[in-house]
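Have a look at these structures, which come just after this line.
Shared between the two complexes below is subunit A, which has subunit B as its partner in the first and subunit C in the second.
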Partner chain A sequence: MLPANNNIKDMRVKMITLWINDKQYQAAEGQSVLQVALDNGIEIPHLCYHESLSSQGSCRLCLVEVTKGSKTIMTTSCTYPAMEGIKVQTDTLEIKKARRLVMELLLPLAPDAPKIKALASELGVTEPRLGPEPENDNCIKCGLCVRACDELVGAHAITFAGRGVARTVEPPYDEEAENCIGCGTCVQVCPTECIVMEDQGMERRIDKWKRTLKLKACKNCGRPFITFAEIDFMQTKAKNPPPEEWFDYCPDCR
Partner chain B sequence: MHSTSVYAVKTLPRKEYFASGHRACPGCGEALAVRLVQKVLGRNVVVAAATGCMEIVSSPFPQTSWEVPWIHVAFENAAAVAGGVEKGLEVLKRKGKIKEQKISVVAMAGDGGTADIGLQALSGAMERGHDMLFVCYDNEAYMNTGVQRSSSTPFGALTTTSPVGTQQKGQLTHKKNMAEIAVAHGIPYVATACPSYPLDLAAKVQKGMDADGPAYIHILSVCPSGWGISGDATIKLGRLAVQSGAFPLYEVENGKYKITVDVEELLPLEYYFKPQRRFRHLSKEMTGQIEENVRQKWQELKKRSEGD
Partner chain C sequence: MHRLTSVEELEKVREKILKEKSTIKTCITICLGTGCHAYDSQTVYETLQNEIAAHNLEEEIELKPTGCHGFCEQGPIIVLYPGEICYCRVKPENVKDIIEMTVLENKIIEDLLYEDPVSGNKFEKESEIPFYKDQNRLILGKNSSINPQNINDYLAEGGYRSLAKVLTGMAPEQVIDKIKKANLRGRGGGGFPAGVKWETTRNAPEKKKYVIVNADEGDPGAYMDRSLLEGNPHLILEGLAIGAYAIGADEGFVYVRQEYPLALENLSTAIGQAEKLGLLGENILGTGFNFKVKIKRGAGAFVSGESSALVSAIEGKVGEPRPKHINTAVSGIYGKPSNLNNVETWANVPVIIEKGVDWYSGIGNENNKGTKIFSLVGKINNTGLVEVPMGTPLRKIIYELGGGIPGGKKFKAVQTGGPSGGCLPESHLDAPVDFDHLKDLGSMMGSGGMIVMDEDNCMVDVAKYFMHFLKDESCGKCVSCREGTKKMYEILEAITEGKGKEEDLLLLEEIAWVTTNASLCALGGTAANPVLSTLKYFRDEYEAHIKEKRCPAKVCKALITYVIDQEKCTGCGLCQTLCPEKAIEGEKEAPMTIDAQKCSRCGICLEACRFEAINVTS
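Up next, the complex of A and B:
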């Protein structure tokens, strides 16, 4: 796992030189190859990478060929750190073939997701290699939601469970996710839109995490605007928590 | 996604393509909107910007706030230039002069450059079906030259050319519904957005960029100087405009209406009008009349979004 690195503008960071597609680029030490490529306008398809999160390399779409010394390997660019003097190829025939294979295997997992479909047609994949999964929940197990919950929110509400084909993203013990605060970050970050969050009256439901949360109503206009769990979470986690009365009114009435 | 969560917005891109240090007024809603739009558009983009506030504040010679290719064009032809750029890129790709890649072409203009002066060029570009995105930053008057009325100014608003006196009480006509005009062209994607709802705005820009053909996004940019509010009330005013029904947020995808920020019960329009200097002269009856009009339009929109 490569941690998220965003201190590119920090002048104290050591700069290194590497080659991507026979062109020389400068990069900050600690950046991944994918990050350097994207920063310089080189498109590499990716699904499980997010710049604010650590890289896991689970979607396998960002494959590139890296030559270090005399050795050439095909690897995921999101987990490969940029190093002095390495040569990276992002668009060779072998890579295209490998990416197509990955996409053919991803497609049956989420045949209805618009983003996956668009990316598949971009890569030239029309037919999935396997038939659709019998119990299809559109999840490609990229792990973005798990990482976002851990790193951006810090709630640690969801986790991976099972191994191999039985691997799923679920709340602990497949029961109601008690740490979930209903902030919606997982919904926002999901590439296949398989997590659905719904507000019904004074309740917020996230069925995938088996979670139902109570919403707090504004004292002035009476409309629900935040979950009680999120207020508690902010009060306990924040360095300088806002006073209790701050959450009495919604942002429109404050 | 329009929850008030502070965590979900962290998923927006970190890289800034609209540099700070520009000369917009403190609390400018338009600069905020441009920043969010640029974040989503990324670096593979060509921007054609019409004359207006944003051109003035972001490009004082010899500096610029734009970290992407940016062309300043005359007031009336932002859409025409963007259309030309789109066709030009197509030719360059066909001839092999540049690599085959996705380059978005975006035209930006204020409400004057869209609804008044630039309407002809915009209509032409939408009719010809260029694969481009037109973003209108609507601050409801010609703010750059000193608050003159435009066709986008709402009914009753005070501007320097729609004064309040014995003969006339502010703007005499209703706001031109630009989004409906864009829908009437039968283009694949039309939306209204507001920087007070950043995730909603980001999703809409992404959809507009991905749409195959012309897309139009109408963004309400709260203007503290022109509307007579304090600079820290920008976000709040944007939210109130949406929650009171004065500026409903919806999208039209291939003719299918969808309200993206649904409001169960509209707030009284007074909440939105009261902090603004430009509506201070309105009497209770006049506000009531405008509110009736707003609610009627909201009901029509609701009916359309539920219709199919």
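Up next, the complex of A and C:
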């Protein structure tokens, strides 16, 4: 698994030269080919990639052709590290065909998600041949939520469960996600909006993780704005935790 | 016995064991491998123990439980030495006769000998039975003479001599050179040259290195590695230790499925015994070479047999494949160079060291040296494990060793390479079975599964079966594999239910293409083979299902009807009594009829009818 690209940039590693669509580019060694392309304004479709997270390569949309030495392979650009001298093609006929077919397989999982719909029509999937998955809750199992919770938040509240077609994202043992602090990072990164977080009165609910949390109200405006669990988490886990009073006021009233 | 501190001591111990064995008059071996065990060979074994005691013959007879001999169709198998008299399908009630007639009076019990189903000939000696005669049992052979729980048996057969030879007389580079020259290719399916892989791991910069035995055998119907682990665990350990020395590893793992209890038991015993004798552990045979072996138990995920997934599993993580821009030979367990080979590959190593490259190279064909073990199953007379030189034609394996198709049925296809292998038709039966030829034909060698199918198998149904397996066994990470196998399964299911559309074939081919090309690991990369190979060789069957709503093999329930031949039916009423759906109508003594609406096509009536009056139409 490639580490998050943000981390690589920070490490100031060796610079290398690679070719993308017959043009030469400089990149930090070990950065993903996808990130190098994006940094240079070359669009490669992707759903399970985020520059602040490690790459998993599960959506398979960022496929490219990489030639290293005499060997050319089709591979996901988010997991392929930038190496000296490699030649990357991002838009060959085969690549376009593969992306279109991958999207045909993806679309039935989240046929109504705006981002997926838009990308599908961009990739040429105009008349889907495969019907929607009636049982599915729009989750495409890209794992951005799991990685965000593990790597950015550090709460480790949710995980993959099951294998093959039974693969799902769940709280451990499919019981209330006790480690979930209700921060909503998973909601932010989800490309299909399948994680719903709702505040009702003094409670925050994320039904997908079977989680209900108590909210704290702003001392000034009275609006509930943060969970007690998140305050606790920040106080105990943050390197330089803010003083407790910081959480007395909502961001608008601070 | 104490820890051996030199090769001389090992040889002394060996002499002592051989001397003790030379006084034994009769040896009775009985297979307690998984196949025979299922036929209750354990009870036969215990009955033998009691009978020997009852005749006060404990001193004269050595009763030896062994691993799988290979001819599982005929189990439980016992072989009596000297004479190599082989008795098949032995039951506890036969034991008294075996001791009293064969052991004490030297008389053969004809009824227990193997009878060839084609010629009717009977065979006394195990090695003369056609199933064994044309095999070259380089690796599997010692299974029939070794008690896997007793290291002395392995030592009596020359065991650990190759390790001793390597440790005292060969530099690591020389060992690698030998394995490279022997052109030993990975028996797990990839066929990658083992020596090249060893060299890569040896030359990798990190000092700490690992060697791994991949015993995560998971193909339906395949049990070669299981039988080797159960029957001759020291052979694998010796090969692994030789590899560790050549590579520069001091630690090894055997990744075995939890579902192989006997393999786990025998392997643990073997490791314990080898450590006690100083053949594993610290300062092996006083040479200064240290090598420790640990068992890691797998939880039954097929995908964990993929090298990077297996490495993850050993590290205690979920067995999911990782991208291999740097392969496991360079960066494996905890990022250290890790050389992974399959059970059978490791088992070949001591043989190559013992017999030499020239001898080994004489077996097999140009690019495929040595033998390969196949588990020959399905519609075949002689079910079991066969070991043949690489390059042996499929026809020879199926018709000569396997004894052909039962019931005079017509051969239709052979599926090689496990669930992601391909189905090859009659026209390719003369193809040599090796890594390269099978791949060219759209199938693969895999780890050695060989499933034979006859005219009663529907190839669309077969493809559906394998896709069902693969959709559940995909790790689910890549969309192309997870959703691809699922969609292929759903389309195949619709076709077998008579709901197929003509455009489905193009859709199937496209999904197969993207599953093959867009997935990360070899599971996804080969998952479409059952679909692609059946589409290639049996397209007419797909078309019959789709265009004519007909299943030519009369398998797919939605497309077949059971009818009673009014002229043959005597009205005996047996089918009527047995039918679980109460679908058979009519009065006794007069021809009956089947209500197609009620009939669930279970086939009970067909099996029960004594007058062949029930027909299946499609």
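Throughout what follows, the second predicted complex is superposed on the first by the 241 of 254 C-alpha atoms of A that agree within 3 Å, B and C clash if a C-alpha of one lies under 4 Å from a C-alpha of the other, contacts with A are read in each partner's own complex, and residues count from 1 in each chain.
The rule is simple: contacts are C-beta pairs under 8 Å (C-beta built on N, C-alpha and C of every residue); 3 or more make two chains touch, one makes a residue touch a chain.
As the structure is a computational prediction, the values presented were derived from the model and not from experiment.
Model built by superposing both complexes on subunit A: subunit B and subunit C fit together without a clash. In the superposed model, A:Glu43 lies in contact with subunit B only, and not with subunit C.
Looking at the shared chain after the overlay, A:Thr185 reaches subunit B, while subunit C stays out of its contact range.
Contact with subunit B, but none with subunit C, is seen for A:Asp252 once the two complexes are overlaid on the shared chain. Of the two partner chains placed by the overlay, neither subunit B nor subunit C lies in contact with A:Lys239.
Look at A:Lys71: by the touch rule set out above, it reaches neither subunit B nor subunit C. By the touch criterion stated above, A:Leu152 is placed in contact with subunit B alone, subunit C being left untouched.
Of note, the Cα-centre angle with subunit A at its vertex and subunit B and subunit C at its ends comes out at 170 degrees, rounded to the nearest 10. For the overlaid pair of complexes, the smallest distance between C-alpha atoms of subunit B and those of subunit C rounds to 23 Å.
Interface of subunit A with subunit C (complex): residues 1-2, 56-60, 63, 74-76, 79-81, 94, 97-98, 101-102, 105-106, 108-109, 129-130, 140-141, 160, 162-167.
For subunit C in complex with subunit A, the residues that touch the partner chain are 301, 303, 318, 322-323, 325, 470-480, 482-487, 503, 507, 510-511, 513-514, 517-520.
The residues of subunit B lying in touch with subunit A in their complex are 1, 3-8, 10-11, 13-15, 43-44, 101-102, 199, 210, 235-236, 239-240, 243, 264-265, 267, 271. Residues 6, 39, 41, 43, 50-52, 118, 148, 152-153, 183-185, 187-189, 197, 221, 223, 225-226, 230, 234, 250-252, 254 of subunit A are the ones that touch subunit B when the two sit in their complex.
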